[in-house]
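Chains: A, B, C and D, in written order; residue numbering restarts at 1 for each.
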């Protein structure tokens, strides 16, 4: 039986690729997409999620809006990176107009209900700031026990940050939410330690761009980070952080280590930093699994491109 | 028609008096009591709320448990002040065993439902840390527009703190929650500026202690702070902070001023401090009403004792 | 014998008045003026100090420049309040060109030397950010034992701040320095609790403005805050915070209480806040004397204007 | 001509090795040793420095005590690591009684004087918390321009911390001082990124322990971290962080990259963290050189052991 997967997301280019990969893989059954502010506003994130589902004829998957702002911090988005609507303008124009409406409900209730119903048949993948998930845990702490795995896109355990020198974007946007989830959900943390190390090559991306829809636009989305990857990391290819997490869920890509982690919530220059107690200074038991390596026997590009081609 | 009142509370001695006053006053209709950790654990607070309602034969009022911990901070209680179960042991022993069970639901849902149903017929009085209310606002931000007034017990705008030199207890316990509520709920803030200034005199308390139940035990509850009031403020009487807030709701006791307020969430020595922009340094519009004075034409003692005697 | 007084200052309008009062009073002997950034840059503060001394023919008093920036924080000045050079332009134009050069040395060394030499014949009055004094204490901790009294202009123990809602300007500019001095110098803290409560009346100021030099320009300096006092406090008169401190030194104006105080150095919204443990929450012994009242038998206006007239 | 070297230090086992290496190498001329609290109290650090010099007959090198505490933070030492007096008891017992007295002066003055005198003939190596150096810079900012290089032992740019998960010990102890020095001294930062990667092998250490004095005791000092290195890093050998820095000065060991760095001074869980803007998020120019690699053509063990043997 397919693993049920609830995706909490703020699309976002990499969220889009992650969503496509999850939808394409028969081993997972996406039970719903909850949305959250982050890369863009909640309204844009919700609209983008609907458009992405429309694009691959998956309007059977419900979209449920969640938090329009962090729990207590001011709203920050990454539109200067992802585009003013969360996706590059030419991508948003290429995507179909959604025919589906968002579900009239709240992401927090949806997460609680799905967890209660599916128990350990359910995996949760939080690809944006952890606001929805933290609220769900605050309302119903048993979620953490009920479900199978909770994957968090976020953190920078052994590497420097992206949005600030200290913090990964998702932890930075709602550090209090990240802190709560890390404290209680025993999550699998997929952070910059691994997401910045694997790419889909420019050659593959260009090939996808030359294919008919939906691959053509998917290629365009993958292409959006090619320049950044070259300038920042001196590498070739497109980076899609959230897709690394989903690639691991569907095909096994990452090596995890038990880790004790906290999140800096001071509001200072290290706000949202992943406090990773690598050497056991605090003497606490591990509270999460941190993705610190790429499996030698797995190919990110093969996993991602292979699934995407299933959408053709 | 009586004003519907939802009481969110962490009883706690002063919460107990506040609850008695609200239940006794015919101008308000207590639609439910939601509980939260704070003065004691959630379980104790819930049990205490049930016992207090039993004590005055008001088992018609539902009790709905909420947050067992702050949103992202570690749990802190005030059992060294209020007693290890949230009330002095002799009080807990004098109160009847509850026959009512807590409602099988969550305070957050209850707050949202009551607000949706009663709209501006509803007033919310949050007498403990603002965790439940902040979560309710996070799940359903329209609460702030729907309901009539939101009263918060918390803050120290122009005076020093109680739990630390900088912070009032309720803001300190969950500063992120306090921050969220202050940002969005346009609350009426009832803080240490006024609550430490009004008392029920020792003479009146002793008189109540000599009356039959339930007044005798209520007198015992009022008596718990007499020593602290003498030592700390050099005044005579019992202090019941949360009852000041309810006294204002039922009879008009406080003078409010428009104020712009933020809450320190740094986790440092000023964590939970009320950042009160008295002189408009930030240039922001007011976001709350701060109780800064006691009405000259009102008597706290008369309001409180008068209502309590209705319970006899 | 006159009490020797070392004035550390960032003139600044109120510093100017404070300096005039000290120079005019025969009971104190100003052994030197050390300067520090604060209301303006160090260079402006030094030049202003020289010009003020020239203005009243006191070029016998040496001026020794100190810190051009806070210990570890970025430089912040208050030129939008005091004028772009630290004094209103018409005042700077009215003051004579200094004939004296600043001493070729450092304020820190000067403070240490004077303290070593004069021991308890010396009082130090720090009227600006406490950077110089903190550095002197760091180099020579015995200063605190050697000298008679150390007065600090700074703090807001029981009132809200001026530069932010939480902080007084001098503590805010170099919170680490303020923290160090409060920890070790057993200072007399003269803060907003008292400085915002006493004024020289507008009538007296206008009278001074009509007198010959130097009173005319001194009146102009006193006049600079009349509008702010009216708008912010609804009072009549000119406020000269630093002069309150000097008025207390020369004539006894303030009532002090033993207090335990810390300074917030988090860099957050409460940075520079005075953490005043009014009710003994921490259980520490007092580490300073806080000016919390105005003596009933003293008149600030009489003290200040009386001394100023000695300069005619 | 030998490069003049001023060593600021808190011995400390690794400081001892660093000092021996510097004293043994003819290419540097140690002009003085200033001491600072850190691994132990100032008094112990000073006494240890005198004993180490005595041990290798170098009482010609003056020892000048500096800061007994951090600028504004509370004193923290590492005696649980280095031993209650800063060195293991058997080492302190083996070292000779000092015949030299510490210089009657202050490290801050000494640093300023040496920098003024020797200008770019002088290199400063700060092997402990940067308190003395920060104070010297605060009193005389031109030091940074005058001298040749300023090496700081401290920081963790790309790796986790040692004293906390976020901070290296020296930056943690006085984060404000570290922040000041990083801002102004354009230092060469030698941090955990490199110091935890190079060792003197256990075999070499045991060989030294079998030699006559002073090598025998030097071997004992090197041996103190063998267990920690095995348990924490799974490596063989003794770690002497400060000696890595000195090895680079005397023989060239490290590869540096231009870097922009700040230091977290919030006092929160990331206090003392090295904020390394690896990817230019802030857009600031580099303000230091960070040691991020070990030169392929250099052997730490050969450099250190080679110099130590010169002491025989």
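Some points to look at:
Everything below uses one rule, namely that a residue touches a chain if its C-beta (ideal position, glycine included) is under 8 Å from a C-beta of that chain, and two chains touch if they have at least 3 such contacts.
Every value quoted in this text rests on a predicted model; they were computed, and no experiment measured them.
Copies subunit A and subunit B of the same chain sequence form an interface built mainly from equivalent positions, shared numbers / all numbers used being over half. Ranked by separation of Cα centres from subunit B, the top chain is D.
The centroid of the Cα atoms in subunit A and the matching centroid in subunit C are 55 Å apart. Computed from the mean C-alpha positions, the centre of subunit C lies at a distance of 40 Å from the centre of subunit D. Shared interface positions of subunit A, i.e. residues touching 2 or more other chains, are given as 266-268. Of all residues in subunit A, only 157-166, 232, 262, 264, 266, 268-270, 273, 275-279, 281-282 touch subunit D in the complex they form.
Residues of subunit D touching subunit C in their complex: 67-68, 71-72, 106, 108-109, 131, 134-135, 138-141, 176-177, 179-180, 183, 265-268.
Put simply, subunit A touches subunit C in their complex at residues 266-268.
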